[in-house]
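Here is the structure we will look at.
Order of writing sets the labels: A, B, C and D. Residues in every chain begin at 1.
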Amino acid sequence: MSIRIIITGGTFDKHYDEIHGSLTFKDSHLPEILTFVRCSVPIEAEVNQLIDSLDMHTSNRLRVLESCRRALEDQVVITHGTDTMVETAAVLGEAGLAKTIVMTGAMVPYIFNNSDAVFNLGCAVTAVQILPHGVYIAMNGRVFNWDKVRKNKALGVFEETGS
Amino acid sequence: MSIRIIITGGTFDKHYDEIHGSLTFKDSHLPEILTFVRCSVPIEAEVNQLIDSLDMHTSNRLRVLESCRRALEDQVVITHGTDTMVETAAVLGEAGLAKTIVMTGAMVPYIFNNSDAVFNLGCAVTAVQILPHGVYIAMNGRVFNWDKVRKNKALGVFEETGS
Amino acid sequence: MSIRIIITGGTFDKHYDEIHGSLTFKDSHLPEILTFVRCSVPIEAEVNQLIDSLDMHTSNRLRVLESCRRALEDQVVITHGTDTMVETAAVLGEAGLAKTIVMTGAMVPYIFNNSDAVFNLGCAVTAVQILPHGVYIAMNGRVFNWDKVRKNKALGVFEETGS
Amino acid sequence: MSIRIIITGGTFDKHYDEIHGSLTFKDSHLPEILTFVRCSVPIEAEVNQLIDSLDMHTSNRLRVLESCRRALEDQVVITHGTDTMVETAAVLGEAGLAKTIVMTGAMVPYIFNNSDAVFNLGCAVTAVQILPHGVYIAMNGRVFNWDKVRKNKALGVFEETGS
């Protein structure tokens, strides 16, 4: 069974603009990563948008939802900024699609030596193949239901919330 | 719930000996990896042995089984050479322990720029928390039951076998 | 003969602050780099300041000059931001110290996968051992006299200027 | 003035063959390295051979000499295995070409995370532009005359020998 990866940017795909000395977006690194991790699951990756999740409005989140609906696959991984990942997860969770959707991202951009990006991608690609239909967040080596998670912004980790 | 990682070496943990220009073993890289991937699941890592799985005898595999039995955790990840991972999985599978055991490894050593090691670790750490008791192999982005998998040595990938 | 490396920060030593998603300073990476490049030349590294060179005032540049004067070594490498490296080079050049001083930096921080930092360090460490007393900039694989160089900010490269 | 880089293999360009779990040769990494280090010096790179220097015979070294003679440039960098770099340097040194020739290599292959390859390349590219005609070895951050150097095989470093 194949997986669709919907790319929305976030820290995961940040690019270093050396002329201005800043972090921005250019191309997604997903295709390159999928090659060297030797993933044999058929994967279709699409760039939905390349945005810092702090800059997302409802319209941006609805675009993500629309991509999920349109996907032929019922296993969808979404790479997304961590700051408002929970908000987008809520939009997707409330839509109640008959799909397994796992969101992930990174605290440190892939382009850095010690990034969590590739580890998180492994977590999400695995979770989406095993879990029943629903919406989840895979971060910090754990998998959370969309309505039982929050980002602890002081510590930079995701935590389970009481039900 | 915490996870025990039993380290047995394999390509995952190969070390470059520059004096002799060869790949050998020194220390495990697991502790360093677990730090930068920001895994918040409590993990206990133990070095069981550091061996190329082509050099394993039954006694080596029984040592791994013994470590699994002894573990207080019922979620166990094992890093292992890929060449005879299926053999060790069979020893563990036939023992029928009341634990979820996920084996993983790497086709390219962690110390290389484009290694699958960290991705595979993410896959295994996730699978072990979700799957029911049993023995599994997590490689190439997929999860296989211990008795339905083989390594395709020509292509260097793991495949499902007919039941 | 030993070399003193005077660290002033710049893009070379930028650090990623994952809580705020920004590039800042923490510790210098020089000690770690000098280890893995297997440099057998005796090197003394000191952190003079950790600053973006766009934020430097005359007082900051005079601090660098003072460190050069104070150094027991007559071979000095300075890691510095590229944006105003030429300005600091002028302060040092006009002081006319009886030392060989080579300034270098990086267009992409060391912490990134594809950084020029380590290459530039090799250039500077080599140039400082060969060149006669004077002040130089080593960037983009070239060595420039302090009074015959400028940074082309549009292209992000250093160029020789007419005499 | 442009530089010719003559590639002969050695540890610098080793490639990991994951099917056999061994280090071998495939393509040179020089073109890729020259891109990300932002070297603005015109450089022509040619693959002369891809061989472990322990496997070199006199014919292999004469091939390197021939490439140096044929080069239009009078600034030549040679990437070479470290084990018999001194032997090839002697062949080149005795030929007495009217060129500046700097040999370098790596103790740890470029494909590894903590390789000295890129640092050494920076050293060689810089030395070749400054030094007078002659044959040199640039390793461990130092530059040696071809007839005053040896590789300390126990320690894995290059040292100056008495004249």
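Just so it is clear, a residue touches a chain if its C-beta (ideal position, glycine included) is under 8 Å from a C-beta of that chain, and two chains touch if they have at least 3 such contacts.
All figures in this text were calculated on a predicted structure; none of them were measured in a lab.
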item	value
Whole-Å gap separating subunit A and subunit C, where each centre is the average of the chain's CA atoms	38
Centre-to-centre distance between subunit D and subunit A (centres being mean Cα positions), rounded to whole Å	44
Shared interface positions of subunit D, touching two or more other chains	107-108, 113-114, 156
Category of the chain touch graph - line, ring, star, complete, other	ring
Contacting chain pairs - touch in the sense defined above	A-B, A-C, B-D, C-D
Subunit A residues touching subunit B - in the complex, by the definition given at the top	33, 36-41, 107-108, 114-116, 118-123, 125-127, 129-131, 138, 140-143, 156-158
Subunit B partner contacts - residues on subunit D that touch it in the complex	11, 16, 18-19, 21-23, 52, 83, 107-109, 111-114, 153-154, 156
